[in-house]
Amino acid sequence: MKNTTKAVLFRYLIALMVVLFMTFVLRNNLKNSQVNVFNTALIFFFCVAGQYVMLGLGGMLGMCSITFLGLGAFLCAYLNTRCAIPVIPSIILGTVASGLLALFLGLLLLKLDGPYFVFGTIGVVYIGTSIFQNFTAFTGGPNGISGIGKLSLLGYTFSTFKSWVPLLGTLVMLLLFLLYRIKNTSFGRGLMAVRDDETAAFSLGINVYRTKVIAFAVAGLLAGFGGGLYAVHNGTISASLFTFSTQTKFIIMLMLGGVMSPIGAFCGTILVNFLPEIARFADSYLNLLYGCMIIVLMIFMPMGLAGVQKELATRIRTASQKRIAAKKGA
Amino acid sequence: MALFFQQTLTGLSVGLVYATVAMGLMLLLRAAGVMNFAQGNLLAMGAYVGYALIEKLNLSSMALAILLSVLLFVFVGCIFCGVCVLPFKRAKWPQAMLICTLGAGTVINELCLLLVTTETKALRPIIPGALTVGGFVIQYQYFFIFGAMILMMGGLYFLFEKTYCGCILSAASQNKYAADLLGIPTNLTIVITFCIVVCMTGVSGWLLAPIYYVSPSLSTFQARAFASIVIGGFGNLQGAVVGGVIVGLVEAYSSYFTTTYKDVVVFGCLLLMLVIRPTGILKSEQRKEKA
Amino acid sequence: MSCLKVEDLSISFGGLAAVQNITFEVQPGEIMGLIGPNGAGKTTTLNLISGLYKADKGKVFLADREVSALRSFERARLGLGRTFQTPHFLKRSTVSDNLKLGTDLADQMGYVKSLLGFKGTDFKHEVDELLEIADFTVRWNDDIDSLSYGQQKRLEIIRSMLTHPKVMLIDEPAAGLNPNELEKAVDLMRHAASKGIGIVLIEHKMDMIMNVCDRIAVLNFGNMIAYGTPKEISSNEDVIVAYLGRD
């Protein structure tokens, strides 16, 4: 028992140190525009986390997280700018709306087999893109919505990008804890059973359809929350972000870091968002580099960076075990 | 009335293009088990190749241009297959292949932009001008598209149903394991299927270029092709054709009541079809129902 | 009160009548064998009982409660355990995760409670006891892949027992097991029976069936041609002609 409590405390300590690192080291050494990119990456991680639950744990390739992100963002922006609802309730309402949409779509689409489900979600993305770009009354059309209010918590107003860093860092750490917690619950195990072996799942009393719908709804909730944060953080949003090509970027963020690892997904998100900064020298070749990277990644490291790390760790462990065994033998 | 005919003809022609892209998708799905997210980019590539050969290199002989383009398409098909399909034969995660095609699509897109041109260009149609009959106008290029699509579909049908070679390709795509056991070289058949599909898609892109311009936006045809497959009937080629035509017509007729929300109409139909009848209009091979 | 009762169970696939008019009853603590040539419909019968197939006709009763209309996971939740010819484990997970799937079913506390941190019953003691009967050890954090086939088959029986079922449907446990492993699997089944669990056992090894089972049902071409004690079955003329062969 003591060991597990120690381990848990150790993890909390690491998380705290990471947040402190982000707050004091990173944000003081990065330019303002880079802090913006960093914050955006942290916000996008909420959407990627939703995808982790859906794809990494549940094995469902749902391609419509971007639509949930958009709904969360636009609803939050609309309520805040046109209906004069304060920031925090707007974010919450945006989140809830996305969750409900995800629930509805999940109930509808998850009766279908794999490929049909994927096509269905792709259809949703295109419908969403069209509505976001054209439903001017709600989304402001091509101009988007601007003038979204600033977030205030306990009297402190987050008015600069740098001020957002500790808040987002803390939220992301909490999210990571939640994701790792899910793996150890009956829901997480049930979801993994649905992913890996449906027959076993059925024979072990798991309601496969219901579990899938819940996972999909959770993905929608997380993406909606990310959308709300995005709207408030940026102050303006436009429909050009919420397209299918951005969705493919989100999938890549998840798969690059490790489709079955929350921390891997986090690293993947940061990496993909910072790629334009890192690869500035290759400006016009950036997309080409990006495409090649994806191909190489999928062929050689389908489990992403986390998968590589796991394999290395296993190899080191077996190598050291062999050495110990050899020593004992000799 | 004239408008109706115009829309119908436009819808049919565009629908046939969707059908061809959808057929290519279907073939790849059956042959390699991969949902190819780079199909639209292959279409765009066809347009760029056509532009490069005709306008940039100023090739006078059409026959030479066609020959070169076919060689190029076959080359691309082989590489595409070798990169995106063959390494994933024993993949632990099936989605990895799908993401790989996404990456390949990006690479193809970028190479086109880098090697040919970054601007949106126009390509001379095969016969410029349009046919004016009664109240409606239809460009001559549409007839070529029409004819070429029918030819390609007919060719595919002939290949797969009537020839021995086609039977082998078909067998390998329906049940790889059994085909392996029968001594059919499945790797080779996959590569050949890829080359056929890339050629078909490339040629379609080339034919579309005079109307839709040489630009990356041709890749948006892909989403429509997905919709065609589902609406027409997942799993068979006739379904892809029927679906493509339907999507084309739906899109054309939707301009009666909306121009901005075309996407919503088309994909709304897709979702509707998925809810009512997921197997599509033309049912294909059924899998056993479990309780 | 019987723990499992099956009445007139029938299913056809297309034109082929796979299973017809199967009727039997299993008492708590009884081990019932289901034997017959390949293709007789034994696994189909198990699939019908566990709900993976929907029967055309007939009823299934679990502890005197009719479950014919319930879906497979609902029947599992009422206490119907199942193992398969090839063990169905989550290949990407650890041993502990796989076993916890079993105890999740036993606890049935619901997703919300589980998320909020309610701990399920501590099953370690029970698992240790069962592993001792099965005569092998595992480390919790081992990948399930690292276990041998024989170990996996026994572990699947253990997982099923962890769900505290009323009935266990066991499909060919002997396939692929060496005699020692098979003996341990039989010990596990006897242990389960001693706890009042009714067992339906599909198997081809006649010596095992005759030794272990209290009653045997014989299937041939989807029909039940005999139902009785091992002594009755081994001297039943129809059974000998259809399956056992003359010695």
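Letters A, B and C name the chains as they come in the text, with residue numbers starting at 1 for each one.
By definition in this document, contacts are C-beta pairs under 8 Å (C-beta built on N, C-alpha and C of every residue); 3 or more make two chains touch, one makes a residue touch a chain.
All figures in this text were calculated on a predicted structure; none of them were measured in a lab.
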Core chain by centroid distance, with centroids computed from Cα atoms only: A
Per Cα centroids, the chain farthest from chain C: B
Chain centre separation in whole Å, for chain B relative to chain A (CA means): 32
Approximate Å spacing (C-alpha centroids) for the pair chain B, chain C: 50
Mean-CA-position distance for chain C and chain A (Å): 41
Chain C: positions in contact with at least two other chains: 51-52, 72
Contact footprint of chain C on chain A as seen in their complex: 181-182, 185-187, 189-190, 192-193, 196-197, 199-208, 214, 260
Of all residues in chain C, those that touch chain A in their complex: 50-52, 72-74, 76-77, 81-82, 84, 88-93, 97, 100-102, 104-105, 107-111, 114-115, 120, 163
Residues of chain A defined as touching chain B within the complex: 55, 61, 108-109, 112-113, 115-116, 118-120, 122-124, 126-127, 129-131, 134, 244, 248, 251-252, 255, 259, 284-285, 287-288, 290-295, 297-299, 302-303
Complex contacts: residues of chain B adjacent to chain A: 29, 35, 37, 83-84, 87-88, 91-93, 95-100, 102-107, 109-111, 114, 223, 226-227, 229-230, 234, 260-264, 266-268, 270-271, 274-275, 278
